[in-house]
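Next up, some structures in structure tokens.
Heads up, the next two complexes both have chain A, just with different partners, chain B and then chain C.
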Partner chain A sequence: MVTYIVRRFLYSIPVLFAASVLIFFSVTVAGDPLATLKQNPLASKQTIHNIEKRNHLNDPITTQYAYWLKEAVTNKFGSPLLQPGTKIWDDLKRVIPHTLQLVVLAEVLALLVGISIGVYSAIRQYSIFDYAATTFSFLGFAMPVFWLALMLQILFTNIFIKWHVRIFYTSGLSSQNPGGGIHFWIDRLQHLAIPAMTLMLLSIAQYSRFMRASMLEVVNSDYVRTARAKGLPERKVTLKHALRNALIPVVTVSALNFGALIGGAVITESIFQLDGMGPYFLGALFNQDAYVVMAWLMVTATAVVAFNLIADVLYGYIDPRIRYD
Partner chain B sequence: MHRSHYRLVLGVLVAVTSLIVAGAAGGASKKSTSGSMTFGAEQEPPCLNGFTSGCNNTWTSWTAGIALASPLIVKPDFSIKPYMGTAKLVSKKPFTVLVTLNKKAKWSDGKQVSAEDLIFTWKTIVDPKFDISSRSGFDSIARAVKVNARAVKFIYSKPYAPYKVQWATSILPQHALEGLDFNTVWDSNYNNKAGQTMSSGPFKLQSYTKGQSLVMVRNSTFWGKKPTLDKITFLFRTNTDTEIQAIRGGEVDAIYPQPQLQLAQLRGQSGLRVQTHAGTTIEHIDINTGAGNSTPLLGQAWFRQAIAYSLDRSGMIKQLFSTLNPGLPTLNNLSYTTGQKGLYVPHFAKYQISNKAKRIAKVAAIMKAHNCTKGGDGIYTCGGEKASVRLGTTSGNKLRELAVEIMQAQAKDAGIEFRADSQPSRLFFPRIAGNKYDLALFAWVGSGDPAGQVDIYGCADQKTADNPQGIGGNNWKNYCNPTVTNALKASDAALDPKTRIKLVNKADAKLAADVPTIPLYQKPTYFVFKTSLKGLVDNPTLQGPTWNTEAWKAG
Partner chain C sequence: MPEPILSIRDLVVEFATEDGVVHAVDGVTYDVFPGETLGIVGESGSGKSVSQLAILGLIPQPPGRILRGEAEFEGKDLLKMSKKDLRRLRGGQVAMVFQDPMTSLNPVLKIGHQIAEAIQAHQDDVGDKAAKARTIALLELVGVPNPDRRYDQYPHEFSGGMRQRAMIAMAIANDPKLLIADEPTTALDVTIQAQILETLKTAQEESHAATILITHDLGLIAELADRVVVMYAGKVVELTDVQTLFAAPRHPYTVGLMDSLPRLTVDEEWLRPIPGQPPSLISRPPGCAFHPRCFLSQGRTRCRTEEPPLRVIGPDGHLSACHFAEELVGQSSKLIDEPVAGASS
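Then we have the complex of A and B:
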């Protein structure tokens, strides 16, 4: 297992290198990062010259890439183009945990609910519950995140206006003075609840469909029939024999989801004003800060690679028949 | 049900109840009766040193920037008045401005705001190694002479008429910043070398949590009227929908959003007040009169006039702002704004014909006079050139996209085709600067002072020793009229206000005849706040909504 992980880790180095080349060249050719500054009639020409020189913006693109790669590896992505006093890594260190809080909360709950719905739908195939779950999952797939987010915001705002009870906050990560310990975490939950609900809905729809399909395949397999023939209680057959084997596709999907969501649930985080990877990325795009965009893309690429590795390792845990060579 | 299931259900119930109780308590604590308020800031400052290009953002000066006072201040009526001091022209030859600071002006660490600070501010701004966003005016200062501990005479190398706007700039504390790299200081605080936060304004920075909030607390050493509020918390709410729900639901007490159609729902809500004014962001259409355009017709003044006549700008503004700001006026001057009484002359008003039939007839008369004929598609052709031009704007900006659609329809009625040519701003603006467009709808952010207009409308090829790039560095219209250039150049050097107004309006009248640009409207400002708050007054200039925080009171 360790050898396998080390080998996969080594494989990921050229993958990330290739990603860095793609990211750098595609972002660089997208436009002049100082275009907005240059349009300001009052902008100092000297300042524009200073920034171009400091960031090698007038060098050939390959030279620029070499400088950027060096900065990324030796100086943790360095500083934004226009803000030499800021460190990109400090900002990433700040926003990644916020995104993780949201993603873990939403995904764990979505997995619990989605798997439960999927399993029950498969066991009670063509029941009212199964039809209702299917309808719900299609609704979940079809519902635009930004619309759902806005509807939830309006709902909880109206509840506050009508009854003066703040169940959940509609934006931000924390209140002004959230207090410490348990008070802080209750306040944080009140802020994360609606965004988590928004993210969860789509994920529940996805996981429940995958789980249902996977369970249907497994419950009709020989080893499940054998387990029943042995006289095992139905609950044990379902949870121990069928569920465990049926989990593999869901593990794959959820690992990819986790990886992608680390890159930020861009829309959700931005609407709810959570200081995570999503707003950080949008802010960088808005400011045309190519270096921040590149750093963000590299972190996202790394997260996707890492979660793929985690998924592969989990396969072996869930299904002992899978061996790593 | 198994006992453990009961425990689970009980646990969930307890958790939900605690959330509601905690939430209800949280809601109560937000009421603005405690001497504090929360302000939903639509943008987060990229960093706090607003002098540098990377941090220069209106929200930097409207939030943390209130800690750094300036000698002069721009009032809501665009007048420039003394604040932490005065700036007076004491000699025309050489051009000399005496800047005097208020006797009581102190930094929050107890030190006097001094003559040395004035000189240090000037030297820092012109230091070529620093990424200063704008050196305008300061780069015209040749030397400074300290008059006393609070006053400095600045002697300019050439006359600089908008010196009052220049001295509405914050003053830096020399003792806190001297010897430091100005490009990297004050990124996330305003601390002196001892770690104390620096302020010469009514509030000082208490904390800045990136991505979340910035807290300003009362500065007890403030030299002016003592602030009433203890604390102003700026919460960053950069999504307009979220911002609106936040003020509806009492999560913030005030917002200053960009004009958006969603704001209409706030007008009718009890407990909220909406102030709106025509701001200093000038929405306009630039016309490329030469190389890079798609038809030589754009090089003809009569054709550009026909375009101007074909548009019902007032009708378009009504359609865009009928619910938000029904009284928003059409802008008819490129240098002065509608609120500047005595300065604003509506030279472009002649192009406004609201009656559709008359508008179409006016365009037809111009076209006929130039032997243009209407094709089967209703579009004119003049000398073999179809009256069909591209009209582009920054895609994604709903108001502008809507404006383009309305103007396309209006022009088509009059026999001129506008082909949509919008792109995201990162692609759109480089094209404009590269003269690769026909008609471009975008905005200039002004200060209310016409200084620097020559850079936008002056002949781009007039290179001088001190302007090696050419004075019309931002004239991307291929437009050149020596009368306009000379009048605007002279206005920048004119010291007599009346002469200056006359010169600017002379240039504007000529611009109205040549039509290299069509002014549309001043983007309105919206200041929404709880009626329980007192003293909040919108300032549509760049000074912004927080210009008088010392007068704010929680009801």
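Then we have the complex of A and C:
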């Protein structure tokens, strides 16, 4: 198992390297990163020259890449192109945890709820519960994220106005004075709850469908019949013999989801004004700062690779056939 | 005669499918006596597995449905038992070995654990250590080498034959009174089959269990069975002891099965499979379900219109479901003149 994990870990290094090449070259060939700045009458020739020199923008592209990579590895991505005084990492350090908190909260809950719904739907196939779950998941697939977000905001705002109870906050990450320790985290949860619900709906829909299909396949398998034939209680047959096998495909989907959401909760984070990866990326695009965009893309790529690594390890834990090959 | 340990009466099992209702088991009746090996033989799809799975509550319901029947095990009707009582019986007093050892073991759990789990499901007082010791002893008994190392391995580290040995170990773990072996060698390599049969015999001797041996291979029946049930299209068509079956078969289907058996003592030309295909169990042929393939019928109307009942046709309760079973007297199978290896053992 340990060699398996180490091997998987080593595999991700060349993958990240390839990602960095791809990111750098596709962003660089997209155009002169200083094009807008050069049209700005307020920007002096000297400023532009300084930026070009500092980032080696007039060198051949491979040399540029080497300097960028060195800066990224040794200096945590260095400074934005257009604001040499600040550090990219200072911003990333702030927004990454916010996004992680949101995504992990939403996805862990979605996994728990989705898997439970899926398992129950499968063992009670064609029951009312199963039909209700199916309807719910189609709603989940069909509902636009921004619409759901707005509806939830309206709902909880109205509850506050009507009964003056503050269950959840409808925007931002923290109150003015959230307090410390446990108070801070309760306040944070109250802020993250509605955005998390927004993200969860689609994930629950996905996981429950996936789990149902995978479970249905497994409950009719020969080894589940063997488990029954040896007289195990139905609970053990389902939760031990069937569920563990049925989880294998779900691990992959959820790893992909986690990775994608780290970079992709843009709409949700923007609507709820969460200071996360999404709005940060939009800002970088708006400022046309190629170096911030590249740093963001690298972080996202790393997250995707990291969650795939976690999925591989989980895979190996659940399925011994993978561990040993 | 001793009391039967299992007594199946008029069992009817159906499956509701998209194409229609599959009449998988259609009024099956037979007894199993303590200590004996009852062979059930018939082509694939004749309802052999379903009849066993149904009485143990192992067919998926829906689409499966047990329409009627009784299955008395030691005086208690399995079909009327509570789910809980039936669960206690499964893997305890009644154990099963399945056809395909490649898919019948859980790929993500250790072999040893899967057997120990069967022990602990029935014997609450057995601790983990004792269960492990018993499992290793069982693995040794069924001929798995290095059982204490094999205990911690997963199914994919076992060959097909070794997996079937493990399945047999699991089946006898709780000293069953009835062992149901459903085509235990069909999925295995020919070279392994003989070894697994030996293992099965060892297991039988060890547990003193009565055995139901399901197979489509008359050779196995000749070697292992005491009495034989021949099934065709969900029904019993012949039932007798093994010597009588091979010496004086009284159903054209049985004769056909024997003629399709390859024999070393006979010229190749005698090797002839039964013409045609087993019938659809959704719309079974009227009258005798075997009539489209029967050499004896010769187009007689009675075969097409009237369903032949299972009736006594010879001594010791020899049963056959053929209108013209008597015509088979004297008119032997191509093989009956030949000595049948093993039939007298």
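The rule is simple: the second predicted complex is superposed on the first by the 316 of 325 C-alpha atoms of A that agree within 3 Å, B and C clash if a C-alpha of one lies under 4 Å from a C-alpha of the other, contacts with A are read in each partner's own complex, and residues count from 1 in each chain.
In this section, contacts are C-beta pairs under 8 Å (C-beta built on N, C-alpha and C of every residue); 3 or more make two chains touch, one makes a residue touch a chain.
Computed from a predicted structure; not experimentally measured.
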Could you classify chain B and chain C on chain A, in the superposed arrangement, as clash or fit? fit
For chain A as apex, the angle formed with chain B and chain C - C-alpha centres, to the nearest 10 degrees: 160
Could you look at A:Tyr280 and tell me whether it touches chain B, chain C, both or neither (first, second, both, neither)? first
Let me test your reading of the model: by the given contact rule, A:Leu314 touches which partner, first (chain B), second (chain C), both or neither? neither
Contacts of A:Asn220 with chain B and chain C, given as first, second, both or neither: second
Output check: A:Pro233 vs chain B and chain C. Expected answer is one of first, second, both, neither. What do you get? second
According to the stated criteria, A:Ala35 is in contact with first (chain B), second (chain C), both, or neither; which is it? first
Should A:Phe156 be classified as contacting the first partner (chain B), the second (chain C), both, or neither? first
Residue contacts with chain A in the superposition, chain B compared against chain C: B
Distance floor for C-alpha atoms, chain B against chain C, superposed on A, in Å, equals 21
Overlap the chain B and chain C contact sets on chain A and report the shared residues. none
Going by the contact rule at the top, pick out the chain A residues touching chain B in the complex. 30-32, 35-48, 50-51, 80-86, 91, 94-95, 98, 150, 153-154, 156-157, 160-161, 164-177, 183, 186-187, 189-190, 193, 270-273, 275, 279-280, 283, 287-288
Flag every residue of chain A that touches chain C in the complex, lowest number first. 220-234, 240-241, 244-245, 318-321, 324
Could you pull out which chain B residues touch chain A in their complex? 18-20, 22-24, 26-27, 29-30, 38, 44, 46-47, 49, 52-55, 128-136, 139, 183-187, 210-213, 215, 233, 235-239, 241-242, 245-246, 248-251, 425-427, 429-430, 432-433, 444, 452, 455-456, 469, 473-474
In the complex of these two chains, what residues of chain C are touching chain A? 53, 56-58, 60, 87-92, 95-96, 98, 100, 103-109, 117-118, 121-122, 154, 156-157, 167, 170, 173
